[in-house]
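Each of the next two complexes has subunit A plus one more chain, namely subunit B in the first and subunit C in the second.
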Partner chain A sequence: MNALLFSAISGVLMMFSGISVKRNATVRGLAIVLLLVVLAGTILDLQGVRLLHINTEGMLGFSRFSSLFMLVAVVSTLAYFLLSARDMEAVGNHYSEYFALIFFILTGVAMTAGFQSLLILFLGIEVLSIPLYILAGAEKNNLKSNEAALKYFLMGSFSTGLLLMGIALVYGATGTFATVPFTPADGKVPVLLTTGMMMLLFGLSFKVSAAPFHFWTPDVYDGSPTVFTSFMATVVKAAGFIAFMRLFNDAFSNIAPQWKLLVAVIVAVTLFVGNITAVFQQSVKRMLAYSSIAQAGFMMMAVYALNSDAQDGLILYAAAYSFATIGIFAVLIRMKDQSFEGFNGFARQQPLLAATLVVFLLSLAGIPLTAGFLSKLYMLRATMQAGSLALPLFAVLMAAISVYYYFRLLQAMYFREGNSGATLQVTGGFKVTLVLLAAATILLGVFPELLTQWLYF
Partner chain B sequence: MDIRYYIFLSIALFVTGIIGVLTRRNAIVIFMCIELMLNAVNLLLVAFSKMHYKALAATNPTAGTDGQLFVFFIMVVAAAEVSVGLAIIVMLYRNTRSVDINFLNRLKH
Partner chain C sequence: MTVLLLFLLPLIGGLVTFALKDAKLARGWALLVAFAVMALSLAGFAALRSGETLAFNAPWLGSLGSSFSLSLDGLSGILTLLTGVAYPIILLATWKTDYRKAANFFGLMLLTQAGLMGVFLATDALLFYFFWELALIPVYFLCSGWGNERRIPVTFKFFIYTFLGSVIMLIALLYLYAQTPDSSFAMQAFYKLRLSNGSQSFLFWMLFVAFAVKMPIFPFHTWQPDTYEQSPTAVTMVLSGLMVKMGVFGVLRWVLPVVPNAAFIWGDVVMSLCVIGIIYASLIALQQDDLKRLVAYSSIAHIGLMGAAIFAETRTGLQGVLIQLFHHGINIIGLWIVVELIERRFGTRKLSELGGIAHKAPALTILLVVVAFANISLPLTNSFPGEFLMFNGIWSSGGTKYNVLFTVLAATSIILGAAYTLKMVQRVFFGAANERTEAGYRLQTPETVALLLVVGMILWFGFYPQPLISATEGFVNGLLKVANYSNFVVR
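== the complex of A and B ==
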């Protein structure tokens, strides 16, 4: 609850700071300080300390799982601010408003992490999406950015419509918006409930860009300003999965036979489409867009499994995926040529940055000793415990394909001649943050309990 | 009146909205169709709210009010979405002098 309040207040403060504060460096400093306050609030949440007692009528409550996810989201945002905040200056001249919008997105993330009512789920998803539509179109004179914003907006509101219809039908069947387990009276599930649940499933699949509802993702990620793509593809996407998993865990776990098969099919199709299409991309940004679809397939396995391993796994996955993707994007934003060739010979000029990029790429590909490997392992184990053998096997096969396109970037950096890194401008702080992020990736890959123990103690 | 009439009416409105979104090429018309979808949901929520009230009024005098409350939230959020959405469409119009979404295919390459 602290995190939610703090980030909402920070958003308002950032919005008004644009009036009085003119220097960009001050705005940036203020944003980082406010984010540290939000981080402190999140840690207090995890300790069970409530600074303000607000009666939410049982609509909003933070379990350890929600608070821990919020911690991962805030830490990822902090890394994102430290690495990429400077690059937002290039997007347009509303510098403080961009930070304000990001704080509002964090408020939405907190709501999707802590909802106990379908009303809060809906509000959270909207609070999270509407600022993103604006950020996607932040480069006002760039046609690609305009189109990305329009496409994202139309697809986003369309999926909101589906989601709302689902909520209305579930309400019709159960008479409540609370996400409490629904138990069919005489073993028969009302048709209204099944239809509503399907529409919720489709609406949320749109939001997290699971296939076959993923078609907007590459265009939107490609067209938006790269700084904001980085945030869109990491924190926001992970928040979608928390909402997804919590909804199906809290409300629909008793009628699992109705949706298990469908979710399994969506997982398989998402893994297939994401990985196969990513292989054929020439631009690193577009490759990362498809890779985000592929990783979404893995995260969705948590929705299929719905056990304690899946919870651990989803938290770990959110951390591993966000850290790695934010790190790669932070370097990508500063590259002139964003195709694979643009990275030729990168390791010679920037050995340190190249080494951290290798860690991130290995983590995304799921190579042992990185957080990405363990989070994939947790997901596979959770799915096997849930009684599916075909799905994990297929996922492993697809993960093997993903190695190809991640290693292509690695090969360009180390084994091709070129001078791509020569003109790259990086400060000492940027390098230190990137190294810390890479260290965190490796640390979580060796000691995952550093993160997951928070769930239980 | 029987609840089924309301369900059929709002599903008809909703499907009209979906068909509009999928077939029309004008961004503003698509936008109107999305609003139609949301209003279909509003209608359905109010109908369900009355239905639950009728069924449970004897034991719980506030039964079903949350459904009508939800409608207000949908209206507020839809208004916020309209303001952002129209701003995006105006921005696109300034740059291209058109609101045709066939432009969107330029990103696919």
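== the complex of A and C ==
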């Protein structure tokens, strides 16, 4: 609750700071300070301390799970601010507004993490999406950015429509907006409910870019300013999964046979499409867009499994995936040539940055000793506990394919001749943040309990 | 504590190496660490012989049902001994090779050693998987970073192959884990499982594929000759002498005792693959002009024989495999040393471009001939007892109906092995010298020490194989108790 309030207030403050504060460095400093306040609020949430007592019963409720996810989201955003806030200056003239929009997105994230009613779910997703449409088109003079924004907006509105229709149908069947377990009275699930649930499933699949609802993703990620793609592909996407999992866990777990197979198919298709298409990409940015689809397939396994392992796993996955992707994007933003060849010889020019990128890439590929491996392991274990053997097997085969495109970047950096990155200017703070992020990736890969214990104690 | 140090010492030593700026310093430091690890592995082996079981346990990933547990039994004892002894030899033999970014090279070498030690010592399936991958990553960097011209695609193929095998293995391990009553990854919990023949069979193949790729067993071997050829020789030694043992080790530790019925049911199929591999690889070795490729194929043949002997599931056969694990490692490293010296000195590995070295470099020739004899397992060389026991084991196996056929076919490897090895010796060392080999070669101190160590072990264990046999007897008996065709009941 604190997190939600603080980030909303911070958003408003940032918006108005544009009037009085002219220096970019001050704006950036203010944003980071405000984010630290939000972080403190989140930690208080996790400790069960409420600063303001507002009655949100039946609408919003923050369990440990949602607060912990919020923590991961805020920490990822902090890392993102520290690494990439400077690069937002290049996008356009509305520096403080960008931060304001990001704070509003965080508000939306908090809502999707804590909803107890379909209405709040809808509100949360909208609060989270609309600022993204603006950010996608922030580079006003760039045609591709405009295209991305328009595409994102049209597709997003359409899926919102689906979502709303689904909510209406579910309401029609159950008579309530509350996300409480629905138990069919005579063992028969009303068609109205099934239809509504399907629409919710499709609408949310759209938001998390699960195949076959992913077609907007590569173009939007590619067209948007890279610095915002980074945020879009990580924190926002993970938030979508939290909403997804919470909805199906809270409301639809009793009618699992109605949707299990469908979700399994979506998982398999997402993994397949994401991984296979990523193999053929020539630009690192587009590769990361498809990789985000592929990783979405793994995260969606949590929705399929819906057990305590899946909860632990999704939190860990959100952290592992966000840290790694934010780290890679932070370097990518500053590269002149964003193709694979653009990274040739990078390790020789920037040994430290290259080493941290290796950690992130290994984490995304799911190599042991990184958080990426353990989060994948949790997902596989959860899915297996849920009684599927084919799905985990398919998933690891796809993970083996993913090694191909992640290692291509690694090969370019270390084993191919070139002098990319020679002119790269990075500050000491940037390096320190990147190293810390890599260290966190490894630490979580050895002691995942550091994070998951917060769910229980 | 010794077992923990066996893993920690190369790990920390390796990490320290990265920080060293000076190439010579890094090299010296790596050798120092390697000797310390060798001393530790000898101490571990001594403890094993005195009947002591060294183990280390610490809680780790408890929420997943895993723990950080290492232990030293007959199998891990012999393999850690090999890993410990091989490293100083490898480093000495390649002492004169210049590497760019030497600190990184030696650091990665030591990290590989840490990974190998971990694989051999782990008695927890998840920990085993961790180490399994950890040993692979530094090798990937070593081969891609310091290899020959075609190194990048070749190493990548190797990596994808092994990674694909290992993720399939991961699913099998997770499945086994789900079957254990107390949700545990512990080896002993896996050994207690009694699964139906059907599930054992698919688990068998999922596990076996990972290990078969690593060994490699026909038809999973296609990565191997290219990778050996393209890697820097020091890494080739690690790959062929030590890393292939991971595959054999995996079968002995995680396949045979865990899915014994399936190992029996599919024994004939696997033995057939092994025998095909033996003949096929030997025939190809006979045709090779490149020394590295010749040795690579010869290694496939030797490993194939080990595979066949494992699935014969007899006491003698398994005993033979266990001591051969050590000897094969030593012998093949010996062969690589000679290849490395020849290539460095004469600038070619082609049999057709060499010749007449015997007159010009007699010392080198004598040492090579001993190693070559060991490669064809002549009596009084170290590999004779092992091969003898393995053939004996395949012959006397009651687990297969085709034991005689398998023995006869596998025995062609003796003849073919002699043919290609002697052909190599003849082409390289005898005949007329040409302008390349005219200059001859004087052995230098570090590589002489390395070769003498190899030759010394070949002769010593040829005369006196008992220490290795007696150290592993206990393990073989224990394994046969869990996994033996005579336990097999048709359900």
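Observations, loosely collected:
Criterion: the second predicted complex is superposed on the first by the 456 of 457 C-alpha atoms of A that agree within 3 Å, B and C clash if a C-alpha of one lies under 4 Å from a C-alpha of the other, contacts with A are read in each partner's own complex, and residues count from 1 in each chain.
By our rule, a residue touches a chain if its C-beta (ideal position, glycine included) is under 8 Å from a C-beta of that chain, and two chains touch if they have at least 3 such contacts.
Since this is a predicted model, take the numbers as computed values, not measurements.
After superposition on subunit A, the partners subunit B and subunit C are accommodated together without colliding. Of the two partner chains placed by the overlay, only subunit C lies in contact with A:Leu393; subunit B stays clear of it. The larger set of touched subunit A residues comes from B, when the choice is between subunit B and subunit C.
Contacts of A:Ala324 after superposition: neither subunit B nor subunit C is touched.
In the superposed pair of complexes, A:Val27 makes contact with neither subunit B nor subunit C. By the touch criterion defined above, A:Gly223 lies against subunit B but remains apart from subunit C after alignment on the C-alpha atoms of chain A.
Taking the C-alpha centre of subunit A as the vertex, the lines to the centres of subunit B and subunit C open to an angle of 140 degrees, rounded to the nearest 10.
Contacts of A:Ala382 after superposition: neither subunit B nor subunit C is touched. Once the two complexes are overlaid on the shared chain, A:Leu193 sits clear of subunit B and of subunit C alike.
In the overlay built on the shared chain, the residue A:Leu437 is in contact with neither subunit B nor subunit C.
When the shared chain is aligned, subunit B comes close enough to touch A:Lys140, but subunit C does not. Note on the superposed arrangement: subunit B and subunit C approach each other to a least C-alpha distance of 27 Å. By the touch criterion stated above, subunit C contacts subunit A in their complex at residues 61-64, 126, 129-130, 133-134, 137, 141, 144-145, 151-152, 156, 159-160, 163-164, 167-168, 170-171, 174-175, 177-178.
Of all residues in subunit A, only 312, 362, 367-369, 373, 377, 380-381, 384-385, 389, 392-393, 396-397, 399-400, 403-404, 407, 411, 414-416, 448-449, 452 touch subunit C in the complex they form.
The residues of subunit B lying in touch with subunit A in their complex are 7, 14, 17-18, 21, 27, 30-31, 34, 37-38, 40-41, 44-45, 48, 51-52, 55-56, 63-64, 66-67, 69-70, 73-74, 77, 80-81, 84-85, 87-89, 91-92, 95-96, 101, 103-104, 106-108. Contact residues of subunit A toward subunit B in the complex are 119, 122-123, 126, 130, 133-134, 137, 140-141, 143-144, 146-151, 153-154, 157-158, 160-161, 164-165, 167-169, 171-172, 175-177, 219, 222-223.
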